[in-house]
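Chain IDs A, B, C, D, E, F, G and H follow the sequence of writing; residue 1 opens each chain.
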Amino acid sequence: MVNETKRILEDVKNGVLSVDDALLRLKVEPFTDIEFAKVDNHRKIRQGVPEVIYGAGKTCEQISGIIDVMKENGQDKILITRIEPDKAKDLSKNYPITYYADARIGFYGTFPKADGIGKIVVATAGTSDIPVAEEAAITAESLGNEVTRIYDVGVAGIHRLLAYKEELMNASVVIAIAGMEGALASVVGGLCDCPVIAVPTSVGYGASFGGLSALLSMLNSCASGVSVVNIDNGFGAGYLASMINHR
Amino acid sequence: MVNETKRILEDVKNGVLSVDDALLRLKVEPFTDIEFAKVDNHRKIRQGVPEVIYGAGKTCEQISGIIDVMKENGQDKILITRIEPDKAKDLSKNYPITYYADARIGFYGTFPKADGIGKIVVATAGTSDIPVAEEAAITAESLGNEVTRIYDVGVAGIHRLLAYKEELMNASVVIAIAGMEGALASVVGGLCDCPVIAVPTSVGYGASFGGLSALLSMLNSCASGVSVVNIDNGFGAGYLASMINHR
Amino acid sequence: MVNETKRILEDVKNGVLSVDDALLRLKVEPFTDIEFAKVDNHRKIRQGVPEVIYGAGKTCEQISGIIDVMKENGQDKILITRIEPDKAKDLSKNYPITYYADARIGFYGTFPKADGIGKIVVATAGTSDIPVAEEAAITAESLGNEVTRIYDVGVAGIHRLLAYKEELMNASVVIAIAGMEGALASVVGGLCDCPVIAVPTSVGYGASFGGLSALLSMLNSCASGVSVVNIDNGFGAGYLASMINHR
Amino acid sequence: MVNETKRILEDVKNGVLSVDDALLRLKVEPFTDIEFAKVDNHRKIRQGVPEVIYGAGKTCEQISGIIDVMKENGQDKILITRIEPDKAKDLSKNYPITYYADARIGFYGTFPKADGIGKIVVATAGTSDIPVAEEAAITAESLGNEVTRIYDVGVAGIHRLLAYKEELMNASVVIAIAGMEGALASVVGGLCDCPVIAVPTSVGYGASFGGLSALLSMLNSCASGVSVVNIDNGFGAGYLASMINHR
Amino acid sequence: MVNETKRILEDVKNGVLSVDDALLRLKVEPFTDIEFAKVDNHRKIRQGVPEVIYGAGKTCEQISGIIDVMKENGQDKILITRIEPDKAKDLSKNYPITYYADARIGFYGTFPKADGIGKIVVATAGTSDIPVAEEAAITAESLGNEVTRIYDVGVAGIHRLLAYKEELMNASVVIAIAGMEGALASVVGGLCDCPVIAVPTSVGYGASFGGLSALLSMLNSCASGVSVVNIDNGFGAGYLASMINHR
Amino acid sequence: MVNETKRILEDVKNGVLSVDDALLRLKVEPFTDIEFAKVDNHRKIRQGVPEVIYGAGKTCEQISGIIDVMKENGQDKILITRIEPDKAKDLSKNYPITYYADARIGFYGTFPKADGIGKIVVATAGTSDIPVAEEAAITAESLGNEVTRIYDVGVAGIHRLLAYKEELMNASVVIAIAGMEGALASVVGGLCDCPVIAVPTSVGYGASFGGLSALLSMLNSCASGVSVVNIDNGFGAGYLASMINHR
Amino acid sequence: MVNETKRILEDVKNGVLSVDDALLRLKVEPFTDIEFAKVDNHRKIRQGVPEVIYGAGKTCEQISGIIDVMKENGQDKILITRIEPDKAKDLSKNYPITYYADARIGFYGTFPKADGIGKIVVATAGTSDIPVAEEAAITAESLGNEVTRIYDVGVAGIHRLLAYKEELMNASVVIAIAGMEGALASVVGGLCDCPVIAVPTSVGYGASFGGLSALLSMLNSCASGVSVVNIDNGFGAGYLASMINHR
Amino acid sequence: MVNETKRILEDVKNGVLSVDDALLRLKVEPFTDIEFAKVDNHRKIRQGVPEVIYGAGKTCEQISGIIDVMKENGQDKILITRIEPDKAKDLSKNYPITYYADARIGFYGTFPKADGIGKIVVATAGTSDIPVAEEAAITAESLGNEVTRIYDVGVAGIHRLLAYKEELMNASVVIAIAGMEGALASVVGGLCDCPVIAVPTSVGYGASFGGLSALLSMLNSCASGVSVVNIDNGFGAGYLASMINHR
């Protein structure tokens, strides 16, 4: 930022740049305003890294509008999360969208090559946690990571989890996904030396209070190296895992 | 109850018992009223089984009063829970009270012989859970049970817990005590075939919200055979465990 | 576990077992991995004791897949909980499933003979608590217990409950089921000498907050011998009751 | 109000009252303003009925100031609630105050004669609920009611409560006071035909959450005729009971 | 109870009653058991006073079954609360049911004559609170009370409420019904000398949290003589108001 | 009020007004009672200022009834909030209603001219907050304010917000609308010297708990000059902003 | 900002400013960094307007350090909130600090002349709310406002509040402060045409839950023009009121 | 694990290892049991990496006991968190402990050299958050990281934060620490490309509810790459940051 500003100032001094042009460049809108949305143009357009559209509550027209702005800015990979099958189908008429039903993710373009420093393990306590897990896994894959899925290894049958000890201990990052009592994060946190991203899910009934039980459980984990994202936030976990796996 | 009533009625019919005496016996107060307390006399005075006084918020005078009524009713073993060291010291001037400081329990009389059908295991996740564990353990011992203590085996270091697999699998009942994320109950529940009584503790900080996190976690345990008592309720767990161990 | 390991080691020493085979046996997967689920094979296949599938949120295909694995492992009694009528109907085309509509339970095979040490009483405060009660009762019956049902005996008409004093006092275990203020558990706990498993239900409105009121009430029960399972968790109560009734 | 206004208007018309005086009387401040408090003068000064000062958080000076205004307005009986022993002692140097330590109530003047339509029963679940009960009982007595105290009759030993069935069934109003699971209100509500005022108390620990458990329990009571006041609000219950008992 | 027992005993003594018959009478079931419900027969069958069926979650068949038992016990007035229009229509084919749509109440028989000691005022803060108010009003009327309805007089336009000061001050009991901030109860409580029953409603959005805001507000009312029933519990308020109005 | 009373009294004295007429005028109902609603007539009928009907939960007939009363009182501008498209369509058959679909607002009559002391800025964190924002914006415009809309400028891309610094710093009032973490209010509060009205929205999932997260966040804002209205209460914010903008 | 940048650029172009100096000025730190605090220097140093230091949790040394930086920046009026008497006393040894004990506010310098467009009314429901009220009042006075205090006018005695109708109706802004049920805000909001800032206080007990009850009540106010600040946040209310009163 | 087992088995086969010794090695306790604690010996004893003792609620004797076991296992760097000054002083009599008062951390041994892949930035919203920040910073430094501290840069004065844009954008990991509204995490998350660990603190009052407000705010952050640890958990954040910084 400072360097860019310095360069602009030197150009002004050297007469290469007029005051008005410099003013413009110092003030340039770093996003495109399409009224209902301000599409961020500041994120670097790196080859192979997708932009993200949070699909929930957006109409097909709104999503199309945002895709168009992104395309104009040279983006050729776009991840669309929380998008219903019907909307994804409609979009795919006009854009090369692949739809991952379990994950409720649509992807524009092709996945990049996996180039992280290791593997990301996505583990779930139960079968019902799989949709959140797939959101995390597809997100991570779309950002260039190799993902190992270990599903239905909840702590009430600890030997099922221990059978995957090697995968867990060799992971670069582990995403531990669980509803109900959310104990998976603590046990996994104790087994691994790598960062563990805990995702509470809204799976459960009664005193699970929509994921609150798992959320509190994970926040109170006595294992070191565990942090937590929002209930059912598979995308957030996958994105963060990729960040860590690309250090 | 019915049998007793029948006998009274037959005595009346046979002239053995006057109407007024029968009326009295059918109406007899099954407790002693000492104003601030109604001391229950219905519990059978079985040899070796202690009565219980919940000491919290009672004065020395009140506790003495209740002990006296119990003694008059033939009770020679009395368990006093949640009693501070000072009060216990005062009481021990007049009564043969043994005080268990960790458990905050005072015991009048001598412990009965252990005569349960097996051993009760009391396990804690951490060192700070020990006071609650001791309340459970002493309660169980005072009710005639053999107790195995396994402390500081929280799930974040799962191998510490697994080292006690045999003790856990051979237990008659397990009391699993944990604060923070409370995951111990689920893992223990998965390892054992016996009933597991989960005791959430108020150990922790921040989002443990005084034991709420552990409580919710334990209620949502996906392991079968797990039930839960109130936060920090070591006595309740020890008492219930003894009941199950004396089936 | 230790004994088994010792035997394997001795077999290796004696040349009866090759290193690779021993390694295999020491490492043998104690479950079958069918991707979306890890079917637990460690539970002993005792004659007459059913395996359990938690049906909520599983497709017919997933349930069928799990049944098939269980059958291959020699299981001839399977309990499927929280399964909707339609799904049960579909399953029953391929498997000998009996469906208990009130309890939302499907059962593969035939119920075992009742062989517990006593009777299990299932009591409810109101008529609306019956579905949870039936889940508990059918679960207990499917695990080899004799069950006595006492429904609609809430504490606001205490004489209705007291009329069943004998059944309650002779029970091996009592399951007390109530929504709203959940007071049934405490009164029953005071009447019985046996363990009482309290099940809060989501029956009620307003300040019952989906069962929270009954849950807190039961956790705070001043009666000894009472423990609590999750809101509406009839299965958990039935399962635990059976455990205690088979000590 | 209307009649009074009409009279004033007629006095104006008849020249008995000047416009300014009428204006004054129509505007007359119905309270005395002593800056930190606006002492209400609208409540009728009936013989024998005390005024009330909520003592919590008020200094001796403030309470003295309010007493003085009340005295000037002809009040000779004043109830001061939630007042610490020290403050009561200080006040009694200047005023004829009787202090009820259990109830934390100070009373200026002498109690009126009991003139209600029946008796008020004050029942508690435990010994620790007595301070709240005494606040209710003394309040009711100070307002001219006969009070029957039945303490320590919690539902976990239902026969203790049933022993007082006659007192309960003959009451004009019952005040049911309980902490922990608060079930007393429902059972009493089922036994009585009279209004039951439920007072949750903050007695308990863990999941009683400062009285929340008892509060919710009482609000969800399935017994008819039960209503609830704030946690620990003995005064409110006693006051309302007196109102009902003086219909 | 005692008198009845004494008479039975004397009959036994006098040979008028056999031991077995006496046993039977001392044990007689004070309710009729129709499996899914225990219909209470202990409530006196006074002329003109209706029995109550809580209709929520009961089938037409269940309600019919209970009505039949009641009729057999001589009841000719029955109040059925929380019953949907369709169910009421079905029932009215076989029974003389009048349906009050706003109140969701069905009534079997004819209303008794109003014979209370005064009028019951039912006041609401808004238009949306009317269904709860009607449940309270119809309940009170069906129990023999004269009811004055004052709707939409929330405190944000205090002059609307003050216009009804006379009605409020002359009431025997006031039922104050409000959602949102629930302030109506406090203002009414300050205006009246009679008991005020506060009913929080689930009317509102956002931070009203389904009636929690109004509930807490009413429990914290600084006006004396105010007590609270469950959220939306119009029936409970009407029933209690009738009790007080029939002292 | 006092002046008006004085005038009435003088008229009475001067014989210009009879006592009965004066009584009537001193008692005149300041609202019209149409049973289900008490339409407030006290608000001044100023030219150009609309009356408000809260449409949620009111039938077309009820709204029509209220409009009719308002018209009779000379009102020619009426704002109807929270009204569904269908109802608005029905109303528009009989009244000149313009419907703003995003804002769910119907308007009777024509908007007044903007005559505030400055501009009101309505800013949202995301696209999904727009309906609440439009409710605020249309409300403000209907009350005679010029409104600047700045949508989708959440703090996670702070440069998007900073691009509108000038608009924010020149505003008369800012309405900051956000769900999820609700941080917009604090950042805007730090940028502006004018009052900031924060509106939490129910946009979000998981731990947003229906807007609770944004609500708490806004209440805890460390920026001065920020106050908060109810979750999703766009109308309340728009109304208050107009009040401040018309000082 | 833009103008300033333009001027800098023109100076660079004209050679009046070197690139490095321009860079410096474009980057100039708008605050002074004293490690434990970043003292904001961007707020305009207008004559008569005080800066604010939040005293809670800051040591005398830290506060002194911040005062020194402010003084160096030309500030001669400084408001220090939430400061204990002892700390204030210590500070006053070195600085001309006036301490307002009720408000827990220290003020450096002299109060500015009141120059707002009207009066600010500060009203409380009870005597215990006075400290929060004084924090609001002193804050407003220190910012150049005339303040009218109306204390102890809670809605349970509505005539006390109505006696101040004129003061309320003529106010420029009203700050309504209440604990317990917090109804004052709604009633005041209905009486006034000006903005009402509601301040919930932590005054109360039991179900007031530390101010939560009043907070929810105020957020749900059905009166228009009411907004809410944090529990006990007298400063925030006073500051905002001053902003509105200086439009 | 498998490899080790294989080697043991081969040694047995080759007669190098007896069955008993092999059994021992397969069963070897991976921790030292000192009754009140099970000291974990499985963590690799890498040069320069400290072990951790959670000091809260442990006595000096217990901490000494654990240190001794660690020392015997060759550990020469030990981090003791949440330890009060007095206890630290006592320990330092027997061990070479350095105490960091702000962070409440004691350190046995000397800090390792910083060898992470980048810098860790620790940023706080306010001055009161510094103790939590220091816990995070000292933890990270003790684990071999270079730490940049940026304190008191809350979002209400956004320019203070933006002044540190370069430090934030160049960080390897950022720890964002805030109480009250917790908005810092979102803004920082939007500015950085690296993982952001959000730490809510219990700083604040009223509706901050002991850190709940900041916690929810951070969990709902709309910025990608943000995860959350427990309230006030500076250690957890520092530990995780170090893990990520040593990938």
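The rule we apply is simple: contacts are C-beta pairs under 8 Å (C-beta built on N, C-alpha and C of every residue); 3 or more make two chains touch, one makes a residue touch a chain.
All of these numbers come straight from a predicted model, not from anything done at the bench.
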| item | value |
| --- | --- |
| Pair sharing more residue contacts (C-beta pairs) when B-D is set against C-H | B-D |
| Interface residue identity across copies chain A, chain F - same or different by half | different |
| Whole-Å gap between the CA centroids of chain C and chain F | 54 |
| Mean-CA-position distance for chain H and chain B (Å) | 38 |
| Chain A and chain B, separation of their C-alpha mean positions in angstrom | 49 |
| Approximate Å spacing (C-alpha centroids) for the pair chain B, chain C | 25 |
| Per-residue multi-chain contacts in chain A, two or more chains | 2, 157, 206-208, 212, 215, 219-220, 224, 230-231 |
| Every chain pair meeting the contact rule | A-B, A-C, A-F, A-G, A-H, B-C, B-D, B-E, B-H, C-D, C-E, C-H, D-E, D-F, D-G, E-F, E-G, F-G, F-H, G-H |
| Chain C-touching residues of chain H, taken from the complex the two chains share | 2, 5-6, 9-10, 12-13, 19, 22-23, 26-27 |
| Complex contacts: residues of chain H adjacent to chain F | 125-126, 154-158, 162, 180-183, 185-187, 189-191, 204, 206-209, 212-214, 216-224 |
| In the complex, chain C residues that touch chain B | 1-2, 52, 117, 165-166, 172, 193-195, 197, 215, 219-220, 224-231, 236-237, 239-240, 243-245, 247 |
| Interface residues, chain G side, partner chain D - complex | 127-128, 130, 151-153, 157, 159-160, 163, 203, 205-208 |
| Residues of chain B that touch chain D when the two form their complex | 29-31, 35-38, 40, 42, 56-58, 62, 200, 202, 210-212, 215, 230-233 |
